Structures are given as structure tokens and as C-alpha cells.
């Protein structure tokens, strides 16, 4: 039994659903799950579909899908082999809360993925990586060595067949070189309720503005800082009694959960991106 | 152009989605929206489908669907004409907050339904009904007159072709006579986070137990008190400083929104009930 | 028995609490409630105190407090007579949801205040004011007549001894003339999670940015648009399926509750403002 | 400079606040923070007070407080030396999520306490204790050995001067022997929104009932199962798509944060217990 997930989007047209479901049936597939959305403002049709096949050839399926459907409806589409666990590269710096959280979830089987390695610009968190038996690469980054460091990072990603990158409070701006290699595949956690408090020190800005609720946002990294497609957000109520340190501590709780949820949605292929916004199938 | 919504559930089987989508296509329908869920524990397949037809005969469709699909897959199914606004009977007592809220939403066009009348066991809220120009029937209920009162209520529902009943803090237990006439069509708002604090005076019980969060629950009424299928719930954080009166006031905010959301889900035919639980398509 | 509430703030100093509580005791007062906060970053001490007196002269108390305490600690302070219900002027435009909500709460006794009148730049909501028996003044506002309209508004406020103004989706920018007359006494409801989406059409901006949570913010109006001290905020989770109309409808639920909560905090004298931020005693 | 925290409760009486604040002043103390609450239903006065003293004798203070205040007002009271970090004994079983979370927070300096040891009825989590360099005692518990095991546990607590015990998903019912030794000092995390779903397998019960929101509750352990004073609760929205495994995973996120928050409130002496309910000063 072969299981695949299909993501499709195209201009909205009559008959797409029937045509696609027919195609699956004609290829002896059984649709296990179907999700669909139409963005009426942009007139775009989105679809996500899980199917099982008793016999299956990826090559043949791709070819037939392309010629029979994709070209006819002018579709953008992706197919995923559900048996393959996606490979995630973890980029960290000195903060350990997201790292502990993700490795704890990974250990408990909550995350259906592989972590071939952890990269950091500091050596601080190496003992944690060690205690979870995950290779740790220390790649320092300075203004002068940034291009070289990123080349090293990409080389490691290449060597391990990395599918997506997670910046778990990495604290460095990632250049277009990496972004273009991993389009909508670099997930960041920003410690504010975007679009409020873009950039550095958002908890300090939140404190200064006197907001009554703080947040965290996980998004795909794009060239514009903190402006990429939002995957997940969450918030917590605060009060005037919170110091900046209290905000930072409360924020860690948000960051952990928001980043983990975003990763889960990503690896279940529940996220589709169009025009800098996400469709999140649940 | 005819628009319909179809709700289907049956034992999970291979090929249902393709067969149903095919059937719609073969009847010259265009699927606008499809939602689906499989309850793996009970092995039940659920589906909700919105379609448009340029020409349509309800009779023919029903007959064909029954003979070609429903019997084959042993489906339970319902079809709704999306152009018909469902008719809601509002039952109230002396509390006005849900009534004001629902009539305000109704007036603003937020609720796509008709309200042929309001029934109350007291005359207290008649001026509100009057100010919104909705007929108000005062049907007092005592232990002795309950059966007769309910007969009157049902007669009114019948006369106006009522589709569903909303108990907007009606404060009376509705008998099986009404429930059986409107199965999964009597919506109640209970002022607690069910299953905590079933029955009378839940805010008093919440106060006594010292909970830090209170809630409200909207559910379909079944014969067992406050035990019917849950449609919607919401909660609010409280503290030791809240008196019972504060809880009641905070609770009103919850009740208003939870009941309104449940009604919206119901009239959009987003709710399916099976085994005392709901599937809520969003 | 006389009940008063005292609000004090000054530079943080040793011995303030004991001195103030002593002063109350020496004046035969009994402290019923005390709340206090120190902003360590700005080194400011805040205090709120409810007291009861069997015999009381406001003049004498004020004079003694001023000479014995306020001058010594260089305090800013206010005293409120708890028996006086604050007088609120309601400014509305065409949207009715906050108006219905506030008048419903007012009717139910939830709001311990007086509403001498409602002002609107349109006649649309007059019937609602009428049904609640509250005087309604239609004062149209155009660019050319704005100064004159505001003069009329202030005259009405003056004539009725208005304590504070609530802009319940008033949709007009209020000039410094009104703000200066009512410093930290003009409460606005903004339909976004400030500081995100300042200005007009925040739901459209939220839709465009693809946020997963929307919010509403109630704040005191200052000269800078949507930048005044925040009193209360709340948020709701949304998804890609929400149209702009859905956001607006969901937002109405937020606006109602957030504005009502802000008003309740204000009239209980639970809010203190310093340096464009609020201390909210609960 | 000596810092202390004082917790007081007694029948509500006139003049308590002034008398206490006076007492502190007369003993050359400066009140840094004062919190107070009156439970009007039970007529009980609660107070929490942080003070600084340039010179301080604990013995003298206690004696004077007792004779001058406590006896006069018939107070129950406790005094804490703020320089002493409370000692927490961690009891765990096989689940690691709360353990990782607490040790991560401990490491980051978020928890101002000491963890002299971890006790478990299984050896499973020893490597985690080791990686954080905290002594781990494996004390198996069976029906027959329970009394003996608890004696061992108490002996360890005694030897290390333990102040309070945290059951971080310990999965064993603690007997009255331990509870009486640590009254309102054994903190448990229950994986439901109490009082809903008391006892074993609450996520299974939540799944069966079809609730739309799940929760977690941290409370002090009393002899009645899951019925002790509630310190902290939190909830998360779920849907029909959640399997029991999904509920359990989502629940872990709740349990972590709710337990950590309860511990933080406890060690800051922000919690007061009366009649099986808590007053939580913030």
C-alpha cells in the first residue's frame, strides 16, 4: 500500500474536484482525505488530497497527472511520498528553550521527521545536542565570514538531503542564497504578534507600548524581514506588573508551542502558500 | 443557478468520495465546496458538499441519489436548498442578553435566517420583541400546564414551518415531545464549561469550586439534561476577586457569543451529529 | 457611611504605604481595598485605595491630604466619591453593535454609570436610542463644520456635567479641543490588535497580511492616532477561510466586549495612566 | 538589607491594613509590595506583604507580630525569608515532558528554587536527571511496598529540608501520610479542566464526550482525588479531527505551562489557601 499527499492550486474553474477525484479513482487510488479552499478574492482554487494505492509508480503517476490534468487546468502541484520522513535542519544560537522543546517532542515521537544535524553560530548548546545524540556543527558567523558560513551550511544541507530548515531562535538574518534554495521551506519563529513589533527586541517594544497581550509568530522566511507568509500565531494576556524579563519568560512559552505547531503543519503538508499568505488545512 | 448542500454519513468504505463527486458531475453539478472527515475509532465517513446546478430538479436528484448511491453505500443523508432561509423559533424567559444579541445580529444581516416568532413563559421581554417587530407569544408554563403549553408551542412551530428551535436562556426543561419533533434541532446554551457543572446554578458551583476559568456550552438538547452533542464552547479566565455576580456578568458575554456561533454553524449546515458527538466543518 | 476611592502616583519612596494608610486611619477611615504597583523602570509608585468613613468632609480631607501628604511626597492624586455615578457621553455613527451592547448592559444594571445622551453624526441609530429612552442628538460633521460641531458637542457635555466620553465606533477623528478638555477621559475602540494595523480599515489590512489572529483594542484617545494608552485588548483565532466580511463580523464580537470591559475598568477607577501606559488594578 | 514576605488571613475587621502597615513601619521596615483581598461571602481578609528591613531579627519580629497583632486579630500567618530559595522535590514516573520543561526552566534561571533530587517509581527518566546533574532516586512502588516507599520518600525530603513537592505526572496516588506532612505543599498537574474528567484517562473521557476545548489543572493535593484547591488552569481549542493521541499531545503543551506557572506562583508565595480555594495574588 502506497500513500501519497497531493497539493494543487490553480485558477478556480468548474469541474476541478470531480476531475481530480476521477483521476485518482481511474488510477486505482482511494482518496483517504480531501481538503479544499477557494480564495474568492484572488479566484484561486486550493486542494490537498491524501490517497492510497495498492500498486503505484511515482513516475507514471507524475507523467499522467501532468499531461491529463496539470496542463489542462494550468495547475501548480506537488506530490509527497507519505512514507518518507522529511529531513529538518535545525539552526540555533544561544537560546535553548525551543531546542529543548523540539528535541523533547522529537524523542517522544510527536514529530514525524528526521533531524540529521543542528547548526549553530555558537558552541553553547552543543551539550544539549550531544545528550540527544544529534550531530552538532559549530559554524561561527561574522559580517565578514557570513557568505562563507552560509556556503558551509548549504553544503551540509545538500549532503544530508535536507527538506526544510527551522530557525529556532537563530538570531541571524538568513540571506537570499539560502531562501532561494529553500523557498517556503525556511521556518522562523518571531517573538511578537506580527505585524506588530517587526525586527529586534520586540518584547522591549511591547513593554514600551504597554500592550495587554503579547504574541509569537511562526512564518516562512522571505527576503523582507519578518514579512513572510504566517503559518501560526498565538498570544498570552499580560499586565502592567510584567517586567521585560517576565515578558521574555512568558514569550518563551509562546515561542516553543507556536514553532512546534508550525513545524507539525509543515511536515503534514497542511500548508499551502500563495501570494505571501498561507492556506492551512486542518 | 440552483445551490444545494448535501450532508452524508455512512460506514467508511473505499471509493465514496470519487463516486459522490462523479454523481454530482454526471448530474451537471459543479462542486463548490467539499468537506470530509473519517472517524477512525467508529469507522464512520462524514461528508459535506456544496454544489451549483444550472438546471435542477429536487425530486429527480433525490430519487437518483437514493437509488444510485445512498442504498449502495447504506448512507444517511440530507439535502438542503441553499436559497431557503431556515426558520428559527426563539424561546426566551426573563434574561435579555442573548435575545438582544441575536436580534442585533439578525438586524445587521449577520444571521441568514428567519425568526417568525418569539415564545416566552413570561411577558418581561415583549418590549424588546416589539422594538424589533417580531411577534411575541406569551405562553406561561407551570407544572400542571406544561403539557398543554408545549402543545401550543408545537402548534405555533407547525403553523410557521419552523426548522429549528433556539433556547436563549429559556430556563425550562423541554420535554421529549418537543425533542423528538426536532431531533438535533433544539439548540440550548448552558452557562458552564460542560461536562463540568451540569444542571442549575453553574456559576454558583464554579465559584464554590474555585475554578480559574469559566465557560459556556451550546449543545443540541437530548433527553438527558445538559448531555447532548456539543456544538460550541468558549471560556474566560477569572480570578479569586470575582464575586458570583461578576461570574454571571462575565458569563453573559460568553453565552451570547457561544450561542450565536452555534446558530451560525447550524444554519450553514456545518454540523453533523453521530453518536452524541458533532463533526463541525469549518 | 461615606465611600471614596483615592488614586495616587509619585516617585517611588520609602514609607509611602505606611504614611498613607496611617493618614486614612487618623482621619477615622477604614481601608476597604488597597492596590499598589511600582514601575521599577521609571521608578514610579502607584496606589489605589478604597476607604469608608463614618463622618467625612470632602473639603477637609482634600486640604489635609494635600498639606500632609501630597506636597511632602510630590504626589499626583485624585479622589472620587464612590456614591456618584460617572456620567458617560456616547458618541456613535452608523454601526449599532457597540451601542446595542452598551445599552443592554446599562439596562441590566451591569454598568454603574449614567448616560445623559447619545451624540451621532448620522440619524441612523436614533430609533435604538429612543427604544432605550436616551436623548439622541444628531450633530452632522463635515470638514467645514467640524469645529462648530465639536463646539456643540462640548457644550452638551458641559451642560450635563459629563465625566468621560466613549467613542463607540464613532468613525470620526476627535480634535485636540475635545481631548484636552477630557484628558485620559475619551475612550475609543479600535478594531485591531494595536499597534498592528493603525488607522482605517484594519480588517482589510489583517486579511491582506494573512494573520491567524485578529484583535480589538480600547484606549484613551490622544493626539496621535490610535497611539494612546491601551486599557484593554482581546483577540480571536481566525483562518484562511475567513472573508473580510467574516473578519468584520468576528471583530464586532471583540469590539463589544473589549469596549465594555474598558468602560467598566474606567468607571471603577481601576485605571491609572502614566507616560502613555496604563496601570490596571484588578 | 533583609527581605521578607508575610501572608496573613483572618476574619475581616476594621483597621487591619493600617495596623499591619504601622507595625512594619514601627519595626523600621519599608513595605515594598502589598496585596489584599476580602472574601465577602466568607468574610475573610487576606493579605500579602513584601517588606525590606535594614536591620532585622526574625525571632524578635515573630514574637512582636504574634503578641501585638496575630493574637489581637486572631490571624493565621506565615513569614518567609525572601533570600532563601525554596527546596522542591520532583516526583516523576515515565512521562518526560513536564520534567524536561521544568529542568529547562530551572537551568535558564526562570525558577528561583533548588531541586535537591528527583524521585521516580521507574528508572526511565534517570538519563534526563543525569544530563541536568540532579540526583535521581529510583523508589519502585507496588501496592504492597507503597507504605515503605513513601517512608523512604519522606526520609529523603526530611534529609534535604524539602519545602514542597511537585508531582510532575507522577501517576501514583499520594497517601495522607505525605499530604499531612506537606499540607498545601504538594502540587499536582491533572490533565483535564477540573472539575470535568476527574480521575484516570481524562483525555479519553474528553474524546468520548466530544468537548471542543480541553484543559489542564494544577492544584494542591488533598485526600479527595483531584479535588484540592486549584492554583492554575489553562485550555486549548480542539476539533472533531483530533484523535485521542492528538489530545494527549496537545495536552502535554498545556500540562507543561500550567504546572510551571503554578510552581512559580507557589515559590513567589503568591498563593493563599482557605476553605479549599486559592487566592492568587498577581
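Which chain is which? They are A, B, C and D, in the order written, and residues in each are numbered from 1.
Assume contacts are C-beta pairs under 8 Å (C-beta built on N, C-alpha and C of every residue); 3 or more make two chains touch, one makes a residue touch a chain.
Note that the structure is a prediction, hence the values are computed from the model and not measured.
Chemist: Taking each chain's centre as the mean of its C-alpha atoms, give the chain farthest from chain A.
Modeler: Ranked by distance of C-alpha centres from chain A, the top chain is C.
Chemist: A-C versus A-B: which interface comes out with more C-beta contact pairs?
Modeler: More contacting C-beta pairs are found at A-C.
Chemist: Based only on mean CA positions, could you tell me how far chain A sits from chain B in angstrom?
Modeler: The separation of the two C-alpha centroids amounts to 37 Å.
Chemist: Approximately how many whole Å separate the CA-defined centres of chain A and chain C?
Modeler: Chain A and chain C have C-alpha centres separated by 42 Å.
Chemist: If you look at chain C, which of its residues touch at least two other chains?
Modeler: In chain C, the residues touching two or more other chains are 239, 241, 282.
Chemist: If you look only at chain B, which of its residues touch chain C in the complex?
Modeler: For chain B paired with chain C, touching residues are 96-97, 100-101, 104, 107-108, 110, 127, 131, 239, 241, 249, 252-253, 257, 260, 282.
Chemist: Any idea which chain B residues touch chain A in the complex?
Modeler: So the residues of chain B in touch with chain A come to 14-15, 17-18, 21-22, 24-25, 30-34, 36, 38, 237, 282.
Chemist: Could you please specify the touching residues of chain B with respect to chain D in the complex?
Modeler: Contact set of chain B toward chain D: 37, 39-41, 193-197, 209-213, 215, 229-230, 232-235, 239-241, 243-244, 276-280, 282.
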